[in-house]
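Both complexes shown next keep chain A, but they swap its partner, so chain B is in the first and chain C is in the second.
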Partner chain A sequence: MASVGSRSGVSYDARGLVEPHAEMPDNIEVDGGRARFDATDLTIRQINMALRKLIYNDGIVDVTVLNPSSKHSLAVGILKRCRIHFEGSPGWFACGLIDGPEVTINGRVGWSLGENMMSGVVVVERGAGSLTGAAIRGGDLIVKGDVGARTGIDQKGGTIIVMGDVGINTGFMMQRGRQIICGNAGQNLGDSMYDGEIYVAGKVSSLGVDCVGGEWTDADTELIERKFRIHGLGDPPPFEKFVCGKQLHNYDALEPSERKLVI
Partner chain B sequence: MCGIAGVIHRDGTADIGAELTAMLQAMKHRGPDSTGYAVYGPADDLVVIRFVLAEPNRSTGFGMEERLARNRLEVEARLAKIGAEVATVTSDTGYAFRATVRYSGELKPLADYLEDVPGCEVLSLGSSLEIIKDMGDADTVSDQYGLGSFRGTHGVGHVRMATESEVDLASAHPYWAYPFADVAVVHNGQLTNYHQWRRRLEQAGHRFQSECDSEIIAVYLAEKMSGGLSLETSMKDSLDDLDGVFTYVCVTGNELGIAKDEMAAKPLVLFESDELVAVATEEVSIRTLVKREVETRDPYEREVLVWQV
Partner chain C sequence: MAGSASTGESPSEIRTVAIDAEVLAGKRFPYQEDITLVADIDLLAATPGPDINWLEDITLLEEDGVPAVFDRYSNSFLKIYFDIPEGQEDDIARKVLIRHLVDGNSYGITLKDIHCKFPQVELGPWVEESRIVGENWKPTELEGWSAPAAH
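And now, the complex of A and B:
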């Protein structure tokens, strides 16, 4: 099918699909198990094509992407142990759905960083936008600056560490996992959460529905100290713990099948 | 969805037409239906009027050329009749026009008188504001209206993905705050008390060009400012008065302001330096303007920020 170009360099086919015939970039430098390439003039599809080819086909275990220039959806769906370093700032949806990679980003990231991440580590040296760590299921997601609203919304596992502040509705409907917030938290912290733990070192503007203060245990101290040690984050500040009050979601009402078993 | 962008140069004029075009084109994926600009050139003693005489998709057909020519003459005649001395009238498209006039009277009667001409809609009025909007992406609209060479101090733009109203010029952003000079707004979001505010403002004598909720914000702010409030105070008041999820950018003759609702549900990224402030729905838009790693941030909920030229 014929494709048409645009001034931005992105091509579309007659159905409007983007880049039906994207070409593999020719500026990749490979050195043993390592590779690097400059993404300044590459399209999103070219960058992801290069990452997948290097990691899946060429056995490269360490890739550096220079100048991602806030392009969206980079390094999404990488399901293999490897190291990826972004020298600059990716855009929205970076590192979503990953299962295994260790990603370092020395810039800032847009909305939905690490959405649905399953395992691995993502470390961002600056800030991130809203919906950071939405629905993550595992792994460690660390942002050293401030993040936007709804951090860890619908979180199902894993650990989110934010060294700065977080916005409104952080931990909204989280189901499992941990959030460690070193700065201040916006309004409605932990609103409608089902389970999990949120630790906040700064000021909390307000708690959401059914989010309550939790009892501190030795396991909390051990967890936080271990995470800070592993990721080289220095000494942890003192935190306050917040959990689900278990009053909102009918925790005591059994399903019919469960009732039969109990009876 | 939609995408919004704004830029203000604190150190003089720049190619803001080309800058906004690049910023908006980078967000084409957020809305390819129409693109609009509110740009501020150097102010002089002339009033700039941007108006259309037909919707773009209804500007051709049997007898349309003659009708447009006849209505253009009628507009010029009415300008003369109301005491506005016409300096120039030009058109890039045959249906959208730019007029400059010498006029010192009230703007509302002028706008109303012109809009009484069949098909006429005044897009903007002021000493430096020019609103340009049309169907298609930013490159298309910029080429059509020659925006690549527009120089000015500040401006905003909008790419629209039509969700709740027509793909037409009346529903395209930005919106001029009729009948107040040099005030315009672009908006990403939904207002849930639109009808309530529309009734209030109509009872106060305002008319609306569209059924679009975004137009409420422009007129709401302009009315507040006409009552003596600053842009910043007016925008802060809007966070309590307007209900819904929204991020909007308002521009006046010498200011650019942003506001985010209390849910912070709609994105905006901010870059600020001594010379330049740029805001956009996505950072990829700002990176077309500042081609290097820069410090940016997402303003938080209920945040209002205003910058002056």
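And now, the complex of A and C:
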């Protein structure tokens, strides 16, 4: 595609894409429906190109990426059922916008893991940064360590499970979906949330505006036991449930449009 | 008009306040009217992970007084006209939605062929095999128009 110049001297193509290094890597090992490659010397674009080619074009259903080396924006926008394994730690915005993949990360991740995730499963063996699951719409996001602030901010669906602690403003403006937090929660839990459920097993530093204790139902028990069972997380601890109090001044005006826009 | 709700205005003043999947498509689909066409949908097989994953958030809603399921891929409601057995409301809503997506009838899917800038599967994770779209995207050209200088 023809490139288009810019005043900064950086070349963009007609899609607005900067392609500093767009050559496919030559170190991919393929074995039947599985593939693996070492990302140490690859650019972000090369890693994502390789993932897309393997999964979309070559029919590979299981890809292992070795040494992601904290590079940002890896495995974003993958829209097909597959398995992706990271042996090491991706950086910011890993697995954003995915629709279908089941991802395991044998390491930790930076900010905004699974942002706008549509469906699939992401399991992180260690901790994650702030904004984990920001605006997630569906699927399961599991972090076995601690996470930073604003977990599930603007969450619109899906289930976020944190086996450790979460930071401040967790569930801020949450609109739908579920958060299961096995450790402690920082200040302002569920601040300005519109809907959804937050379950906390540890201590809550403080509740945010319009976040209140919720009534426990059989559906809550079924959900938590099922998620722990299918993801092999052991026996769930006892949880306290938090929901939206629906007293915030703007709730009545927002609810009708929310129903149509956040699902 | 697409799912417009009458608010008492004259026809010229009627505002569209919702989007209806069948209006976007220009037709109603058979599975909106016949429950047998969705009976064999396997929701577990259609979703990643060991449970129904993202479909957990899909429930039966109502639009214009008609039972409906929301299609997040086109931001539109898909109405359901057959009688839904009691106790199966959400299950049926999910099956109708998956049939709509598997058949490629979601308006968001039909737009992909023209507008995808990057290679991706045409259908989504609900089917095993799907053709790739977006490999040869070209900017839309408006006949008789050219970009002003310095753009």
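Everything below uses one rule, namely that the second predicted complex is superposed on the first by the 228 of 263 C-alpha atoms of A that agree within 3 Å, B and C clash if a C-alpha of one lies under 4 Å from a C-alpha of the other, contacts with A are read in each partner's own complex, and residues count from 1 in each chain.
FYI, contacts are C-beta pairs under 8 Å (C-beta built on N, C-alpha and C of every residue); 3 or more make two chains touch, one makes a residue touch a chain.
What you see is a predicted model, and the numbers here were worked out from it, not measured in a lab.
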Once chain A from each complex is brought into register, does chain C clash with chain B or fit beside it?
fit
Which holds for A:244: it touches chain B only (first), chain C only (second), both, or neither?
neither
Touch check for A:105: first (chain B), second (chain C), both, or neither?
neither
Which of chain B and chain C A:94 touches, first, second, both or neither
neither
Once both structures sit on top of one another, what is the angle chain B-chain A-chain C taken between CA centres, to the nearest 10 degrees?
130
Counting only touches as set out at the top, which of chain B and chain C does A:159 meet: first, second, both, neither?
second
First (chain B), second (chain C), both or neither touched by A:76
neither
Which holds for A:186: it touches chain B only (first), chain C only (second), both, or neither?
first
CA minimum distance (chain B, chain C), superposed complexes, angstrom:
23
In the superposed arrangement, what residues of chain A touch both chain B and chain C?
none
Per the contact definition, I'd like the list of chain A residues that touch chain B in the complex.
6-8, 69-72, 88-89, 91-92, 107-108, 110-111, 126-127, 129-130, 146, 148-149, 167-169, 186-187
For chain C, which residues count as touching chain A in their complex?
18, 47-51, 53-58, 61, 70, 72, 75, 77, 117-121, 124-125, 128, 130, 132, 137-139
Quick check on the complex: what are the chain B residues that touch chain A?
25-26, 28, 139, 262-265, 267, 269, 282-284, 286-287, 291, 293, 295-298, 300-301
Touching chain C in the complex: which residues of chain A?
14-15, 52, 56-57, 77, 79-81, 99-102, 118-121, 137-140, 157-159, 176-177, 226-227, 230, 259-261, 263
